[in-house]
Amino acid sequence: MGNPAQIALDSARLRAEFPILAAPRPDGGALHYLDSAATSQKPQRVLDAMDAYYREANANVHRGVYHLAAEATDRFEAGRDAAARLVNHPREGTVFTKNATEAINLVAWAWGARELTAGDEVVVTMMEHHSNTVPWQLVAAMTGAVVRFCPVTPEGDIDMDALRGMIGPRTRMVAVVHVSNTLGTINPVGEIVAMAHAEGSLTLVDATQSVPHMPVDAASIGSDFIVFTGHKMCGPTGIGVLAAAPGHLRAMEPFLGGGEMISDVTTDGSTWNDIPWKFEAGTPPIAEAVGLGEAVRFLEDVGPDRIRAHEQEIARVMLDALDEVPGLTLYGPRDPQRRGASFSFALDGVHPHDIGQFLDSRGVCVRAGHHCTKPLMRALGVQSTARASAYLYTTADDVIALRDALVECRQWFGAA
Amino acid sequence: MGNPAQIALDSARLRAEFPILAAPRPDGGALHYLDSAATSQKPQRVLDAMDAYYREANANVHRGVYHLAAEATDRFEAGRDAAARLVNHPREGTVFTKNATEAINLVAWAWGARELTAGDEVVVTMMEHHSNTVPWQLVAAMTGAVVRFCPVTPEGDIDMDALRGMIGPRTRMVAVVHVSNTLGTINPVGEIVAMAHAEGSLTLVDATQSVPHMPVDAASIGSDFIVFTGHKMCGPTGIGVLAAAPGHLRAMEPFLGGGEMISDVTTDGSTWNDIPWKFEAGTPPIAEAVGLGEAVRFLEDVGPDRIRAHEQEIARVMLDALDEVPGLTLYGPRDPQRRGASFSFALDGVHPHDIGQFLDSRGVCVRAGHHCTKPLMRALGVQSTARASAYLYTTADDVIALRDALVECRQWFGAA
Amino acid sequence: MGGLDDLYQQLILDHYRNRRGRGRLEGASASVHENNPVCGDECFLDILVEDGRLADIRADGDGCSISQAAASMLTEAARGRDLDDALALVEHFRLVMHGDAEPEEDLLGDAVALEGVARYPVRVKCALLSWLALRDCIAEYRETTAMGG
Amino acid sequence: MGGLDDLYQQLILDHYRNRRGRGRLEGASASVHENNPVCGDECFLDILVEDGRLADIRADGDGCSISQAAASMLTEAARGRDLDDALALVEHFRLVMHGDAEPEEDLLGDAVALEGVARYPVRVKCALLSWLALRDCIAEYRETTAMGG
């Protein structure tokens, strides 16, 4: 089962900072939360930061001369500084959205709906989350552009040869996930960005599943656009980030129109505020930015490299444990070096929904479904999978509980 | 000054529920928060509801079979029920957005960008917030439609004759604010909706400044679209509401694409989830919906009609108090029956920024600027105004502190 | 174990392991194909209408134990009923699943065992998939025959 | 009163009430018009360049005491300087306003009294409006003369 002592983080101690994990469950057992790819749990200090904001400094930002408004603005913009710093990106290129999905739609609508024309191609992969597929389909339907899907190998990798063949002079955008939420695959996004740029295409990297789990350096990836989301990185719901090349943001027309994002409004037309605010219409997610800022400081205190090391160790433990379950098929890479913290699998004769339900009765939370990756499901030839996903607070105990419950589950449903 | 005893609410007692108002200020004085039109303060129970969500039930919604996910979904959807109930609207027509601004953009993009054609007209008024102006300008620029601005009378009302003349066969959308955030004017939206419908136009009512302050009945207003925002109604930042006729939502193509809003995704295209989820792409503002639900219950406990009565009483006190300040010019209606809780004014010889700064030193928070209504500012012939705005926790004391500080302010700047 | 036994009654597991009425129907009077967006489960439903009655009904497609057992139980409960009866049956089952009616065993047959599902909102969709498919299938049948007549 | 006296020094109120260098310049070498999106305040700035020096400079437009006083002080501090000097002056003032430099009275003249504004982030924009307009105006001047030459 691997030796928990080798694990790079003291996850048991870290768990104490997460009230939902520290509290005993109604049935007395521990909560084995293995669904962090869907959303992470939140440490107390993140909740405290938001609470303190509302109790001490709540006011609308950017426009008030009174001290409360200045304090609110400071705390809000400090959240932006933190988000930018975490991925090594300039703050003026760091736009707050409501989630990663909106960040991708922002690019699809503000750039794509205006710039794409009939016959232009947007290349995505078969393992994209729906949030990095549907926005491109929507603008393609409006503009006559075409969305092309790069296949995935049986091992769960992007077929790089196929991708090379797909990216050409008609390609205007290559949008690719950094770490697959379903398979756990870590994709060579730096290489893909270089490949796209060589053909004059823009790129978008969906870093939703990488930023929470490992050091991500936007500067070295070099993508035109990178997106991630607050609620999967110990932060609150209601906030996401678009890290874009400032030059693109300056050149692009706005997406959402309204308060905050304007410089002047007349009955004849309007002019825009400086970036990043040009892309933040209306009252922004203020408390959420404060919470995200604290989440970033928490991740920095723990150390993204140590989180990554911990999750590689958990991956080793997980792969061994899943091997011990009869009738289990794992999807995605087997090498802990090449994978993130999501593990999708099938259990012979038991439907994923039934796995999820059974495991829940043992205090183990896993997801069952298509994980918003239906094209990938079809490519794998399944309708759905069960998925266990780990994070910095995941312990070997959680993995053992999962293994034991899976073995029991198969017996319960009397699989042939 | 009016008799505080006549006031319909016990605001002094209610203040105790708002930690930021209950806490003594650093300088020992009370906080006279008169900027609720920008954002409201939050009662402790709203903060507690969100905290409890994160500590007890945090999980991603709609897709998990384990009990935590079911609990999260229940609390989230209960927030929708509450928002729908407050304005008497069906829940399947109640879509969560990130703020009121996004709700308007949703309609502008999902409906307008696809349906408007050259020469079509969108009618707004000169007193609209930028959030109800710029989205229409953006889609007009893309489609060749024209945005027309209905003038405002010197008394601060919509010029209804002019409006009648403007709405005609080319009008596709009439978008109008219910209560002006700058002038406080309560507009006859029911009448305007009927006028627009008679000409075959759709309507959008920006109820951002009415829903927090008075009973608003979506069914009786009859508008195709109504929007409001969480943070101005005792709820959190990061959430807004689009209350739309379900039939329109069914007929419209989606706005943001991604997880949650799909029924099926294939490489050839996608199909959409049922409403309202069809318009909620990605992880929704879960904790925020929980907080908004609690804010609605709070408002229901206080009683929207009593809030309205209280604010009319405060308006009386306010109008008298402002009359006592030498050199003060009030913009907007003088009749408490016909106005909401926002009071914009100029002080002879003192710039609004300086008013705001000076008042802050006396513990009085007011806003100075254009209040995201630049076309209105031009129509009034000013660059900016100072604005004091009240809410259910505003007391006659706050108003007296405002008056006294204004008198002192004029002296300090040595106005001629 | 508690909740689990309650949800997965023996009868359900039995229908799951030995599905009745499975497959497609040659020469069906009407067919629909529906899916559960939450998990991707699919249901193909075929009906054969003779003299205003469901002479035969088949459900196909993969899914979890609840959806498979529900489909199996549906074919047993609905076969032979006239169309309005069948619709009333579906409506009763829908109400039971939403906790808005007490299950009537006479009507539901084995499907009464699904009662416990009502306490698992996410699974309610699984149980309802095939049943609501029958409702849509009857509507489909009526529309096409109305047009044909 | 504390913070307020600190922000609104007597010198500031004096420049506010008696603005120097106000108005527009006939036959200006370059002009710009800028506004503060937060409050709508506007600044029209005109410069007259002779022998590479700011022979004259005028600022017009309405605004708060800080923006008006800053514009007034700017015209005094900048008049007569050569263009690079004037840009260095603006840059120094910008750094002071962002708390990144200690104010040098020799350079700033009366504008040293604006030091306290640095502690009021929203007001920093007011103070900088005319000063940054000068920077843009010099850039504008250089561009048009470069094109002309």
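Read from first to last, the chains carry the letters A, B, C and D; within each, the first residue is number 1.
In this section, contacts are C-beta pairs under 8 Å (C-beta built on N, C-alpha and C of every residue); 3 or more make two chains touch, one makes a residue touch a chain.
Computed from a predicted structure; not experimentally measured.
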item	value
Geometric centre distance via CA averages, subunit C-subunit B, whole Å	46
Separation of mean Cα positions, subunit B and subunit A [Å, integer]	31
Separation of subunit A from subunit C, taking each centre as the mean of its C-alpha atoms, in whole Å	37
Where subunit C touches two or more other chains at once, by residue number	38, 120, 123
Where subunit A touches two or more other chains at once, by residue number	63-65, 69, 262, 264, 353, 357, 368-369, 374
Pairwise touch network: line, ring, star, complete, or other	other
Interchain pairs in contact, sorted by label	A-B, A-C, A-D, B-C, B-D
Residues on subunit B engaged by subunit A in the complex (per definition of touch)	19-20, 23, 31, 33, 35, 38-39, 41-42, 47, 50-51, 54-56, 58-60, 63-69, 97-102, 104-105, 108-109, 113-114, 126, 129-138, 141-142, 147, 149, 229, 231, 236-240, 253-262, 264-267, 269-270, 281-288, 353, 356-357, 359-360, 365-369, 372, 374-375, 378
In the complex with subunit C, residue positions of subunit B that touch it	62-65, 69-70, 73-74, 262-264, 273
Touching residues (chain side subunit D, partner subunit A) in the complex	35, 37-38, 120-123
Parts of subunit C lying in touch with subunit A, wherever the complex brings them together	1-4, 7-8, 13, 16-17, 38-42, 62-68, 120, 123, 126
Subunit A residues within the subunit C interface of the complex	351-354, 357-358, 361, 368-370, 374, 377, 383-384, 412-414
